[in-house]
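A single structure is presented below for examination.
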Amino acid sequence: MAELIVISTLNGVLFGMLLFLLSSGLTVIFSMMGVLNFAHASFYMLGAFFGYQLTRWIGFWPALVLAPLLVGAVGMAVERYGLRNTHKHGHVAELLLTFGLAYAIEEIVSMVWGKSPMDYRIPAALDFPAFTVFSTNYPAYKIFMLVVSVTIFVALLIALKRTRVGLIVQAALTHPSMVGHLGHNVGRVFMLVFGVGSALAGLAGVIAGPSLVTQSDMAGLLGPILFVVIVFGGLGSLPGAFIASLLIGLIQTFAVALNGSLASLFGPLDPGLGPSPLTDIWNVTVAQIAPILPYLLLVLVLIFRPMGLLGTRES
Amino acid sequence: MTAAIEVKAVDKSFGNVGIIRDLNLSVAKGERHAIIGPNGAGKSTTFNLISGHIKPTSGEIRLNGDVISGLRPFEINRRGLSRSFQVTNVFARMTVWENVRCGVLWATGHRYAFWKNVDNLPEVKQRTARILDDIHLSHRRDVPAGLLTYAEQRELEIGITIAGGASVIMLDEPTAGMSHAETDRAVALIRRLTEGRTLVIVEHDMSVVFGLADRISVLVYGNIIASGTPDEIRGNPKVKEAYLGEEID
Amino acid sequence: MRHLPIAVAAAVLMLGGAASAQETVKIGYIDPLSGGGASVGEGGLKTFQYLADELNAKGGVLGHKVEIVPLDNKTNPQESLVQAQKAVDAGIRYITQGNGSSVGAALEDFVTKNNSRNPGKELLYFNYAAVDPSLTNEKCSYWHFRWDASSDIKMEALTNYMKDQPSIKKVYLINQDYSFGQSVRSDARKMLAAKRPDVQIVGDELHPLLKITDFSPYIAKIKASGADSVVTGNWGQDIALLLKAAADAGLKVNWYTYYAGGAGGPTAIKQTGLDHQVYQITEGIPNSGNKAAMDFEKDFRAKVNLSLWYPRAVNEMRMFKAAAEKANSIDPVKVAAALEGMKFDVLDGGEGFMRADDHQFFQPIYISSFGTLADKAKEPFDEENTGWGWHLVSKIDTANAMVPTTCKMKRP
Amino acid sequence: MSNAASPAPAVTKEEPGGALSFYGVWLIAAAALVVLPLIFSSGGSLTSFSLIGIAIIFALSYNILLGQTGLLSFGHAVQYGLGGFLAVHMMNAVASHNWPIPLPAIPLIGGIGGLAFALLVGWVMTKRAGTVFAMISLGIGELVASSSLILRSVFGGESGITTDRTALMPLFGWTFGPQLQVYYLIAFWVLISAIAMYALTRTPLGRICNAVRDNPERVEFIGYDPHVVRYLAYGFAGFFAGIAGGLTAINFEIANSAYLGATQSGFVLFAAFIGGTAYFFGPILGAILVTYLQLGLTNVTSVSLLYFGIIFIGIVMFAPGGIAGLLMKHRPLIRAGSLGMVIPSYLVAAIPTLAFALGAILTIETVARYSGGEGEGSTINLLGIPFVATAPATWAAAAFLLVGGYLVARLTWLRVAEAWDRAATVARDRGYLA
């Protein structure tokens, strides 16, 4: 049991940090530009695929640097040639643009790389067990992922506190209307922020790719959870996104580790009842409902705290 | 007689910043009351507080004797208070006619009806037409509001505000950004349309204020420093010092 | 199928109605050709096209040329019905499908209704891979024939093998949370309890279908349970990722799988280094030792550039020809009658038969393990260029791979 | 009503005396629905028409949210699917109990199912509009779709629940076995649903929905609670989506979890938006086009979804009013008689634009063939010309069309814009454009 707890905590924190790498970019972009980037998870996927391809060509370490830069460039192009032109049609149009983009990126990726999982391997230098907990190996690569995520998290904090753009971003987070007063540079700042956000998502993809699965449906699987994270944490709140990321990462991992069901808690129902929604609910295990837990949480938080955990904004 | 609007000891702070401090204001029924004050004094905040757009941190607001502080804007509106906005705030993609008609619908009792043909409601039709006539926009009735000129949008704004027949009308800088000719027209319009109703108006243009208002309150740093007839205000030394001395010479 | 210019023409045809000469026997291939399952569907399509070419090279079926008509269903039951209707509208009388029992159930229902409502326009449904037992039990239809061993048949064969393996003591079940995974799980429990009551089921897991990206929590649970064997019906990324996570955590157990050999699976196993620890249960293997089958495999690989993943498709197409010749007609009603109870020598050797009671084909079942191949001369075929291949562990004869049916067949 | 009669330039409003033309439109629509299967009588076209009919109701119901009330939903299929499931269960119950309920009444049950669920979750969902609503609808959609796989007794797992539409009592000798009878059933519901939804836009609630879409803040100050308005709109949208779901259940005689999923929700968003959300008939156009493409494109290309995505992005960026918006843009020009001024420039622009599109198609198909592992010898048939995917000539042609088409198209579209300005000026001068 202790073994399960340790491993699950590590995995949960790791997944949570990955979520945060994505949700931080999404939150900042949303705060500044009012755009919820539906294609954000697609940038994560692009990161993984670029990472895979570049790893085959030039090795993992250069790919780790280059792939996020490429994704960032794609993101900047999307901002410059797509969103900026759509801005005049309002936020709904912008959201729809990114929705269509998510769709197109998935199709392009599966067109170029196919639908099967890629053989994206962990670099040999990191392919060893880092330590053993109660006879279970914990892979060094996962520790590496954790280190990278935490490093980026810290770097992001410093960048927000120390750089000019960081200060603008911070101002935007607290006073969204301020962004309008940035003057003629606003376009460049937006492009930069969008690029950095996409690059972060891309980085998450590069490091997650070998450990999780690199496949053309990876964006579709992660995307909805990402939106849960940022709505749950409170739209536009960076600390909220952080807490929500970790929480959801941990909840999902721990739910899988639990075997309980109502039947195991209160004993099985009378078998004479026959199948009904009650028996379905009675017999389902926590592990089975793990993937819908984030959405249940979302509904609960909306009933009891419509702004999200740390949100302050109406919409 | 109960006052139309009674604001008692209202405070409003955002975070630690107190915008409104111990605000007291009383507007009698049928009175034309202007609120003036320098930029950032809290005039719009006062409007937002009274109309329910934001909730006071403490204190009490009454409309015709009933407590309305804490109510939602539509609840306050249904009790007979209607307001306009400083920034034009119309239904941009709907026509002028439909803009005004939306303002009429609740008051004529049609509420959320989904079983009535909106074009077949004689009372709504007449009232909308009369208001369009009043605001001189009949010839533009089928133009989407977003395509109107600025001055026309301001007039439409007033039209929507009075459409519901509220007894208390609050206008937030109705003539802001208008030329002299347009301003004169707007003032005449306001004077005519608010006949027999209570009017609260925020205005920067002093000629408008002194020409229109029965009483004037001066708001400085979230606090009413003086309240009285135009003549009293003109002669008030505190006002002169805080406000008039700087801006009106 | 991919002629862009015809976009317009096809549209007109769709509206105008397409009838065509009955000279060729058209078989509608309803499987995913776009969307998530496309790679699998494309593989199946190539297999069937190869088999059609094989038949045509030998004069076709009763002189009729055989043509495979690809119909993309995106693994979606509703879309499958649209495609099936399209096939009917185009005068196609035979359809074949494999991916997804939910699609299979929808098609079986469609075929039954279509045939009762449109006599004279009957449609036969040849199922080559949808393995939900219900298709030949409570949902059974006279117009449906299944060549793949249903999941309970495979479990019957597997447990018949396991009962003679004393080293198996603690078994962990992990399956996808949907009808197929659930039937694997319940059959395993039932059959193991009957044949090896001493074996302990130390875990029984159902996880969401194709939604898990990291199996390490499950692996931690398996490890904690002390299992020596894992039985799983997982397929696609769910098996690849499961094995990957197991290798990462250093879990040493034997894996008894249904679909470890699917596209990407062999690569994943090789990557994890689980040499001869992953077993698969199939109705045929490349290195079966049967000369005819291995010659076929060689030619197939040379021409299609794929391993033969569907020996049952070979049986299906060859048996279709035999049945048509027996009936001396390509009319689906007559072919169906001829197929009932028909005996047939399967590709890998041995006799199978199409049971009339439920239209399930029974055949020998193979258990093989994946790993290094000791004798390249005897076992020439590796998978996905890994150098590793399937090694025959046990062959279960048809008689030991039989299950009863609850089907109450309604014959026309 | 003296003021209303003042000589006003008609801008977007339909002409007075519309009652006749109003009923005329619906009568023509009804006649078309009756006659259509007589002209195109093949089984394939009946199938297509039935699907298009259902898509029309579904897309119109979606537009109650997006076009009328400004609510962007990513989970509209939930109401549609639940309506479908309820309809299937009802059909099975009716058949097994021999209740005297004919099949044509079943879609109403589906509608009630959609409505009930919409009312159940709608209150929480519609508290907020905009992005938050969009995300919540996405979350609820995922929640319901995933839960449907857990509640097997109700949703039948991934196989779903099947039914037999002919098992209900026949109506006037109709068993609804043949597709033609099902088509007429669907056509009947399309007509009354469309009329009902159109009527809804002409009610006080419908107009206030528009007001909430344009400016929810202001609505609060004219006595309305935007939350209630959104909630009611959500309920109506759910009701009509449920009808569409019920019809789908009748058409396919099956309901499964795919009905509830993101693909369906995306489909209806595509249909409504591509058609144009600003006009009532927009989603109808969109539903016809998207269903049609969906049925036809999959036959000719393996990357049909990519084309969908590109078309959608194109519409969002260059014609946010959708097809209907593009068409209606020309109305003032037609009235002012200045349409002729833009036609030549359109024709000129069409050639390089088409070349650009062909270049794009050729590029996409070449890449698709290449990575599909069938590059060798595979040919792309474009306008009857076979292109070999591996031939450098093909790549050159693709690149030439793509780049050349783009450069020339850019120039010609500038001319279109100029021509437009001139034509619009004329229209403005003649009082047909504000």
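Order as written gives the chain letters A, B, C and D; numbering starts at 1 within each chain.
In the analysis below, a residue touches a chain if its C-beta (ideal position, glycine included) is under 8 Å from a C-beta of that chain, and two chains touch if they have at least 3 such contacts.
The UniProt protein names, listed by chain, are A, D = Branched-chain amino acid ABC transporter permease; B = ABC transporter ATP-binding protein; C = Branched-chain amino acid ABC transporter substrate-binding protein.
Nothing here was measured: the structure is a model prediction, and the numbers come from that model.
When the partners of chain B are compared with those of chain C, the chains appearing in both lists are D.
Centrality by C-alpha centroid: the chain sitting nearest the overall protein C-alpha mean is D. In this assembly, B is the chain whose CA centroid lies farthest from the centroid of chain C. Chain A and chain D have Cα centroids separated by 31 Å.
Per-chain CA centroids place chain B at a distance of 42 Å from chain D. Once the centre of each chain is set as its mean CA position, chain C and chain D turn out to be 37 Å apart. Between chain A and chain B the centroid-to-centroid distance comes to 46 Å (mean Cα coordinates, whole Å).
Across the assembly, chain D contributes 146, 303, 305, 372-373 as residues in contact with two or more other chains.
The multi-chain contact residues of chain A, meaning those touching 2 or more other chains, are 114, 288, 291. Under the contact rule stated at the top, the pairs of chains that touch are A-C, A-D, B-D, C-D. The touching residues of chain D, when paired with chain A in their complex, are 66, 70, 72, 74, 124-125, 127-132, 134-136, 138-140, 142-143, 146-147, 150-154, 262, 266, 269, 273, 303, 305-306, 308-310, 312-313, 316-317, 320, 364, 367-368, 371-373. On the side of chain A, the complex with chain C involves touching residues 1, 3-4, 7-8, 11, 15, 110, 114-117, 119, 121, 129, 132, 135-139, 211-213, 215, 217-218, 221-222, 253, 256-257, 285, 287-288, 290-291.
Looking at the complex, you find that chain A touches chain D at residues 30, 34, 36, 82, 85-86, 89, 91-93, 95-97, 99-101, 103-104, 107-108, 111-114, 220, 224, 227-228, 230-231, 235, 275-277, 279-281, 284, 288-289, 291-292, 294-296, 298-299, 302-303, 306, 314-315. For chain D in complex with chain C, the residues that touch the partner chain are 40-45, 47-48, 51, 146, 149, 157-160, 162, 164, 166, 177-179, 248, 252-254, 256, 258-259, 263, 292, 295-305, 361, 365, 372-373, 380-384.
Those residues of chain B that touch chain D in the complex are listed here as 51-53, 72-74, 77-78, 82-83, 85, 89-95, 98, 101-103, 105-107, 110-119, 121, 125-126, 129-130, 132-133, 138-144, 147, 160-161, 163-164.
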